[in-house]
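Listed below are the structures to be examined.
Paired with subunit B in one complex and with subunit C in the other, subunit A is shared by the two complexes that follow.
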Partner chain A sequence: MNLKISALEFVQEVQNGNISAEDFVAKTLERIQSIDDKLHAFLSINEDAVNQAQEIDRKVKSGDKVGVCFGMPISIKDNMCIKNSKTTCGSKMLENFVAPYDATVIRKLKQQDAIFVGKVNLDEFAMGLTTEFSAFGPSKNPWETDHVPGGSSGGSAVSVSAFECVASLGSDTGGSVRNPASFCSVVGFKPTYGLISRYGLVSYANSIEQIGPLTRTVKDTAFMLNIISGLDSNDNTTVDNKDENYLSGIDSGIEGKKIGIIKEMLGDGVDPAVLSATKDAISKLENLGATCEEISLDMVKYSVAAYYTITATEAGSNLARYDNLRYGYDFSVEGYEFNSYITKARQNFGPEVKRRMIIGGFVPSTGHAGKYFLKALKIKSKLTREINDAFKKFDLLIAPTVPILPFKIGEKIDDPIALFLVDINTVTANLTGKPAISVPFAVSNGLPIGIQLLADSMQDKLLLRAAHALENTVKLPEVPI
Partner chain B sequence: MTKIGLEIHCQLTNLESKLFCSCKANYREFQINENICPVCMGLPGSLPRLNQEAVKKGTMIAMALNCTTPDKIAFFRKNYFYPDLPKNFQITQLNIYGDTSIGGAGSIMVGDKKIRITRIQLEEDPGRLIYEGSSTKNQITLVDYNRAGTPLVEIVTEPDFENPKQVREFLNILSDLLENLAVADPSLEGAMRADANVSIEGGNKVEIKNIGSFHDLEKAVHFEITRQNSLHSRDITITQETRHWDDKRKITISSRSKEEELDYRYFLEGDIPWVKIDSEIQEKLKSKMPESISSKKERYISKYNIPSQVADVLSSDKFYSDLFDESHTENNAKEIANIITTDLMGLVDTREKLEKSKITATHLRDLADSIQSGKISRNSAKNALYEIVKTGNDLSQVISELDLGNVSDESELTGIIREIISEESQAVEQAKSNPQTINYLVGKVMQKTKGKADPKLTLDLLKKQIG
Partner chain C sequence: MVTEEEIQYVSKLMKIDVHDHKEYIDKVQTMINYFDILDSAGVESEEISMQEMPISHLREDKYIPFDDKLIEKLNNYKGTYVRAPKMS
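Let's look at the complex of A and B:
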């Protein structure tokens, strides 16, 4: 049984009767059993997965209607709710929280007969870039297991990269899908804000984050997007994409497209290997008929500061509900008064979450909001104006997903400022609501490099088309695990 | 000069669902913590889903209070920790970053006094706290989240009131207005709550929080003015502070909490996009708005010549004015207004009785027509009304069952009149010389017929007999 096939190949194989969903899912679980001790992608496993696959095989054999996923094994970042399953958010605060409802993306995938093999690791409440801030320990990069896999959707990227599932869903607040995708050599996509419902995604910074697929191929991402995108009455911020088919025309290339190279994302501190990979990608796109030209987005240099100010403010509010009174972990209220209880209960948050909540309590407060929070909002709207102007001239923008190569576990965890700069190339898409994708493009000394493309709002289809063209220009080595 | 300002929280009790989920807005019929869902419990991953009907109703209230209504509105988060708040923030509105609240500045006349409205905002009600245990030490707090997320409008006034009487009159007008718009039932327990700020000449402003009903609001304001005046007369400084209304002892108590020092860290609620309420939408809402109380009153007076006081009573009550508008014709309008305001309102003088009442517009119309055609006397009509309210039976059925019809058969009536003439010879003589006193004889006939004689016919026949 070859577990290394793409989602679309899997669907084809099961549909044609060449493989059974049960076999594939069983083998997938075996692989998780055998290698996940080393990788720690998974936080929980769906013990019922094989039975669910059997039911799909039965439907295929008897000619019943089967959903388009045909029992495809998917992993889900553990900050999305699956009914009757634990949703820990990588936090001790929610260690025992069992979701009583399905997220919209989960409901849609269930309808299409996807199988959730398990919930995967993340930085606590998606705050981080390495999974080192998970309360349950870091995940490992399958390319070099003493290196970080990126984050916060590290478990998602590891599980797809190491063939522990066919595809995964992550969430991207400032690069949390694209960053680990780049570090683990898989495709990672953050759609236009509002394209995918967030209902059931545990909020970190709700005004800028999106759920996004992590897959082996760009076509798989388009396939997933077809299933999970669109208006949702449970999320007032969703936009109508008129049931767009993101797979149609994905092969039509990028001849004549204008691509802007974002100057500020190739500045000081870019690793030489990343720089040369980016130049290579640009020349390959030019060979396909695109024209590339440098463009300056001045506000990018303030984007990380604005990003942390805005996300801390929203996080401080979004995470306030975790007072352990209605759900959470086992800790009796007996003998406590309200304020002393919640102060004690909330000590179960990890250090990074505490750090951001303390900032989040300060930057929007009276007397400081003007200096911090409101200023950050100003940068956000200026940056949006800049990028909108850029898209008047260009169809797409390009930059490396992360300016540096994956680093060792523990190497940067004590240096928040160094970690924050890893975000510089990804936060712009979140602050401006634009779609962006990381495409695996090179491997340097055994460490993956991803190239990022951005498009204008609701141009997700064009973005996937370009990403598919770029992906086809390289043949990358297989993950060494 | 005494200055009083109000912040009134009014639940939109007539809405189907809560402000951000599909749980019932009418939470009162549920067992504790039964009217809840992931959204109003603020469970991880849940998102608010704005109730568009609440936006419409809120806009109507703003229009009825002559407030400005912005083209688009936004929601904000008010962040603070409290056990009745499932998310530890409240989704509300404010105007600090431009006019984004559902209603801006407005005003309403209370008698000759103009009361300015500062703003109107749409927000969610928190859950309900229930305290158990006697001493503070072993007191426990239970939380019922059934109420959490119920749509509220907060109406904030300028400190334009000068005395408790004006406050009461304003509250009466406001209650009638909300009822007329069919947005709220002010009589439901906890549906109307308020905070007030009170200051007397030369004193600091004192805020009174937690007033649970309109009835108590007037009392609280009255108590506070008296308290402040008493301090002032003894040259004691009135400190600026927040006080709580103790609804058991009916006094205000200084609150030790540092509530006023809280920093709510307001910021835009990103989960609810700005809501457009452009002029086209506003015009549509305006056209759907029920006729205002003052315009109803004006219409009753000018069109039907109904006395101003009767028109006042009739127009300010939605139930009765609806009944009137449904039943009256050009000819019987005055009669129906009379029946409603003099008889019916006395019969169903409580809300409970009103709800049980079986009276319909048809009943009223039949009743008025029968009075005008002489089929039934006013007196009998009152008895018939009593029966109708109770049973809902047709007027004709009620008349025949209770034998309430007028004696309008000429020969029967002539017989009765003859008897009276023989019994009352003195009065007959008097009537001959002084026609005015004939009314005494009419009364006698009425007595004998238990009020069922057709008065006009009786008079005619009497005159003929006496000659």
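Let's look at the complex of A and C:
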């Protein structure tokens, strides 16, 4: 059984009766069993997955209607609710929380006969970019297991990269899908804000975060997007995409397209290997008939500070609900005064979450809001204006997804500013609501490099088309695990 | 520069215990001090753009029954009320 096939290949093979969903899912679970001790992508496994796959096979054989996923094994970042399954958010606070309902993306995937093989690791409440801040320990990069896989959707990227599933869903607040996709050599997509419902995604920073697929190919991402995108009455920030088919026309290339190279994302601090790969990608896009030209987005240099100010503020508000009365339950109220009870409950949060909550209390507070929070919102507005102007001239923008190569576990954990700056190329898409994708493009000394493309709002289809064209220009080595 | 006292005060408001954690406070201080870069962005005159949503775009405000009685899942649910710690 070849577990290395793409999602679309899997669907075709099951549909044609060449493989059974049961065999594939069973082999996938065996693969998880055999290698996940080394990688720690999974936090929980769906013990019923094989039975669910048997039911899909029965429907295929009897000619019953089968959903377009045909039993495709998917992993889900553990901050999305699957009814009657644990949703821990990588936190001790939610260690025993069982979701009482399905997130909209889960409901849609279930309707299309996807099978969730398990929930995967993340930085606690998605606050981080390495998975080192997971309360249950870091995930490991399958390309070099003493290196970080990126984050916060690190478990998602590892599980796809190491063939522990066919595809995964992550969430991207400042690069949390694209960053691990780049570090693990898979495709990672952050759609236009509102394209995918966030109902059932545990909130971190509602105004900028989005759910996004991580897959082996760009076509698989388009396939997933066809299933999970669209209006949802449970999330009033969703936008009507008129049931767009993101796979149609994906092969039509990018001849004549204008691509802007974001100057501020190729400046000081970019690893020479990453710089070289980016130049190579630009040259390959030109060979495909695109024209590339440098563009300056002046606000990018302030974007990381604005991003952390805004997200910490929203996180401080969102995490206020964790009081051990509605979530937690690890000790009784008996004998406690209200404030000391909640303070004790919040000891369940890990250090990074506590830090961001304190920042989230500080930056919007009386006397400080003008210096921090309001200024961050103004930068967000100006950056949006700059990028909107850029898209009047260009169809797409390009930059490396992450300016540096994957680094060793523990190397940057004590240096918050060094960690902040890893986000410099990804937060712009979140702050401006634009779609962005990381395409696996190179491997340098055994470590992957991803190239990021951005498009204007609701131009997700064009973005996927360009990403598919770029992906076809390279043949990358297979993950060495 | 943010002072240690300011951070300790906000920590208390956020109900997070950081007393005697010098290294912890230092890290928060470093993070907030990094945000001073915002001062050099020159955006004082910039308008903050807000997204407006007409009420007609919101879903109807109506009762939708839920499968389970969620309140019964709370540990401190006592049949007619939820037991909370006493207020000082």
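Structure notes:
Convention: the second predicted complex is superposed on the first by the 480 of 481 C-alpha atoms of A that agree within 3 Å, B and C clash if a C-alpha of one lies under 4 Å from a C-alpha of the other, contacts with A are read in each partner's own complex, and residues count from 1 in each chain.
The rule is simple: a contact is a pair of C-beta atoms (placed from the backbone, for glycine too) under 8 Å apart; a residue touches a chain by one contact, two chains touch by 3 or more.
Note that the structure is predicted; figures quoted are calculated from it, not measured.
In the superposition on chain A, contact of A:Met357 is made with subunit C only, not with subunit B.
After overlaying the two complexes on the shared chain, residue contacts for A:Arg326 are found with subunit B and with subunit C alike. More subunit A residues lie in contact with C than with the other chain of the pair subunit B and subunit C. Shared-chain residue A:Pro416: touches subunit C; no touch with subunit B. Once the two complexes are laid over each other on the shared chain, residue contacts for A:Ser365 go to subunit B and to subunit C alike. In the overlay built on the shared chain, the residue A:Asn339 is in contact with subunit B and with subunit C. When the shared chain is aligned, subunit C comes close enough to touch A:Ala306, but subunit B does not.
By the touch criterion defined above, A:Ser233 lies against subunit B and subunit C together after alignment on the C-alpha atoms of chain A.
In the superposition on chain A, A:Glu314 makes contact with subunit B only, not with subunit C.
Looking at subunit A, you'll find residues 100-101, 233-234, 236, 316, 325-326, 338-339, 342, 361, 365 touch subunit B in one structure and subunit C in the other.
Within the complex formed with subunit B, the subunit A residues making contact are 79-81, 87, 89, 94, 97, 99-101, 103, 198-203, 206-207, 233-237, 313-314, 316-317, 320-323, 325-327, 338-339, 342, 361, 364-366, 369, 373. Across the interface of their complex, subunit A is touched by residues 2, 6-7, 10-11, 13-18, 24, 27-28, 30-32, 34-35, 37-41, 43-44, 46-49, 53, 57-59, 66-68, 70, 73-76, 82-88 of subunit C.
Taken in their complex, subunit A has these residues touching subunit C: 100-101, 233-234, 236, 299, 301-302, 305-306, 308-309, 316, 325-326, 329, 332-333, 336-344, 346-347, 349, 351, 354-355, 357-363, 365, 371-372, 374-379, 381-382, 384, 414, 416-417, 420. Residues 38, 41-50, 77, 79, 81-83, 86-89, 141, 143, 263, 265-268, 270-273 of subunit B touch subunit A in their complex.
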